[in-house]
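All chains are identified by letter, namely A, B and C, in their written order; residue positions are counted from 1 within each chain.
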Amino acid sequence: MFGRHGDGVDGQKTKTRAKPDTPVGESTPTQGAYSTIRLPTVTLRIPDRDVAAATITNVTRRFGRRWALRGVTLSIGPGEVVGVEGHNGSGKSTLLRILSTAIKPTGGEAQVFGADVVRQPTTVRGVVAFLTHYPGLYDDLTAEENLRFACRMLGVDFGRVPPVLERVGLAREAGETVRTFSAGMQRRLSLARLLLQRPRLLLLDEPYNNFDPAGIALVNEVVREVRGAGGAAMIVLHDRHSAGDLLDRVVRLKQGVVLTDGPAPAVGDAQTSTRLADPHESTLIAGGAA
Amino acid sequence: MTWRDEWRRVQAIVWKDLTTERRSKAGINAVVFMGVLILLLFGFALGPDTEALRAAAAGALWLAILFSGVLAFNRSYQLELDGGALESLLLYPGSRWAIYVGKLIANLVFVLIVEAIVIPVALVLYQVALPPGWPALIGVTVLGTVGFVTLGTFYAAMSSRSRAREVLLPLLLFPMLIPVLLSAVEASTSLLGGDPMLEAGAWVRLLGAFDIIFLVASLLAFEYVIEV
Amino acid sequence: MGVGTVELSVAPARARRSTGMLIGLGVFLLLAATQAYSISISTPDRDMGHLQKIMYVHVPAAWNMMIAYFIVAIASLRYLWKGREKDDLLAAAAAETGALMTGLTLALGMIWGKPTWGIWWTWDARLTSTAVLFFIYVGYLILRAFVDDPDRRAQWSAAVGLLGALNVPIVYMSVRWWRTLHQVQSSPSTLDPNYTLSLRINAIAIMIVVLFFIRHRYQTMQLEAAADAMHERIALGDRGGINA
């Protein structure tokens, strides 16, 4: 089951969590999995509760001659929060970008709540929210203007902006241009933009990097909310510590393939984070007794 | 998505681009000065003889507009690329052509403002008197500018995201604009000379046809170019 | 678990090469024959002597340049419609050959022009339009050279190639109108019946050359794509990881 490099990283006792119904690697049918809700400006197709949040089957992706993903298969069940770890260049961001429909896979398939990312991208965009690790904001517009722009593009009412700004703690800076913001403030604004929608699948790319404890708590709070509503989340991270006990599962990528995919170890166990000493090293150093 | 939704998105993008441009301050001033500088250079290159200058005025003016205008097109995508906003922009629901039309309109406003300053300067530098039929001249200028901005916005979607963007945009754009250049210069020259509309009319029709053909073609092709 | 055997789907390359060379030889012999025939049956022109014979390459090259660009347009359209890699490769091969033919047309036109008009260049309608076309398609080739990602390169080239093709009639029309306003020397006339026949057979011969070039480049590009596919299999084959 594990790779030939023989890692025994999860040798310790793991917490029991509710496992998703869909086994790893199996895709769910797309027929009849949707109900339709009509809103004033947009019609949403809401997937039914037992459809897997995301199914990734043998996805590959190349950039020129470089293969960022070399055949990844995994799935995320509804209500699951999956952490993705790996060195820089292991394909973590690429995986998120494919799930968000920002880029297409070179090979393989991916579905989000039953909708194919290549054939039904608009449906997928309606249920996914992607927090990129670069801010993706307009520097010369104010915080409020950035959000209002997002509202107009999303087709939602401007009224959503003030509460969302309040929630991320940027109410006072609403009228300041983003150029004056620190990295942490920009991340909060990106989070705010995400909250303008009602996402069912959260894709977070290194949300905890360079973020203060209050911000980290905010991210985790949002993830809990989405999970509570039946959604799921995939979080790329380097340090599991910030996620606390949020993660149900941890997937480790290396050079574009899944190295391990298993339940997250309980917080408070002797092993905190397993460090991979060298990007090209072929053995993992198990935590605890390193 | 309905037309109203798309139009709303177009407006949002126009507003965003123009507001950003206005606040960044550097942009339009630099482009205007570039245009005037080119006019000056042409003046020096063509010599102080008044007749030669008057004859070459329309040509020099349009070249100044083309060379300074291309600066605007890459900039309009630059603001998406700097903070990585393009990816987010593409993830909103809705069509791609709304993005194209939004940027097109914003670029059009930008270039028209530049022209509003550069054209009077050209008339002064080249000692050209304003002919009685000058509203027609404005019409020709607008038609030519639409063609210019239509293709410029389209090609800049590619050039701004590749290596050697400064050279790739003129290289791809200018050969395609030769019919526009010819028509605009010929029509402008004949109008400035007070010639009857007989000659300028044919050029204006060509300009109009060009604008429509390439607006439709760019609209259809844009999604293939922006997504990948 | 090693790499295993990677099946070569680009089979008898050596057999292909020799038939290719034979066909190429045949094609060029055909061209040489038509050229020789045309030169032998035509009489020296009153004014220009033997210079007129350049037209036997110049005019067919111009006609065939249009054929190549037509192929670029169709292949680009098909690529945007169906997304098959081979349409992109066909468009690229045709664009290269078309650019070659355009360059040849221009060069020969200028060489003909120098003794005839005494100058290297004239703003004649056809010559000028050809020059614009040259730049449009060289721009296409430079774009391809600057983009590494194959998907992006294919989509961008297809869009650029289509718009370029769309502009061809507009360029010709506008330059012709432009030239009728400002009188200038005109292109050589093509009236002598012997002359017309020679032009036609040379046009066909050069068309066969052009199709041969396109096919050859197309096959070369397909070989390169197959090599990439092998590279892909090697990169993916030795994956490791739990999904292997």
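Here, contacts are C-beta pairs under 8 Å (C-beta built on N, C-alpha and C of every residue); 3 or more make two chains touch, one makes a residue touch a chain.
Values in this document were obtained by computation on a predicted structure and should not be read as measured data.
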Q. Line, ring, star, complete or other: which one describes how these chains touch?
A. complete
Q) Can you name the chain that lies farthest from chain B, using the mean of each chain's Cα atoms as its centre? A) A
Q | A-C or B-C, whichever has more C-beta pairs in contact | A | B-C
Q.
Taking the mean of each chain's Cα atoms, which chain ends up nearest the overall Cα mean?
A. B
Q) Hey, how far is the Cα centre of chain A from the one of chain B, in Å? A) 41
Q | Centre-of-Cα separation between chain C and chain A, whole angstrom | A | 48
**Q.** Rounded Å distance between chain B and chain C, as computed from the means of their C-alpha atoms
**A.** 32
Q | Interface hub residues of chain A, defined as touching at least two other chains | A | none
Q | Where chain C touches two or more other chains at once, by residue number | A | 149, 151
Q) Where on chain B is chain A touching in the complex? A) 1, 5, 8-9, 11-12, 15-16, 19-20, 23-24, 79, 82-85, 87-94
**Q.** Residue numbers on chain C that touch chain B, as the complex places them
**A.** 80, 132, 135-136, 139, 142-143, 146-147, 149, 151-152, 155-156, 158-160, 162-164, 166-167, 170-171, 173-175, 177-178, 181
(Q) Residue numbers of chain A touching chain B in their complex, please. (A) 41-42, 97, 100-102, 122, 125-126, 128, 130, 132, 134-141, 145, 149-150, 152-155, 177, 193
Q) chain A touches which residues of chain C in the complex? A) 1, 148-151, 231-232, 235-236, 239-244
Q: Name, in rising order, each residue of chain B that touches chain C in their complex.
A: 151, 154-155, 158, 162-164, 168, 171-172, 174-176, 178-179, 182-183, 186, 199, 202-203, 206, 209-210, 213-214, 217-218, 221, 224-225, 227-228
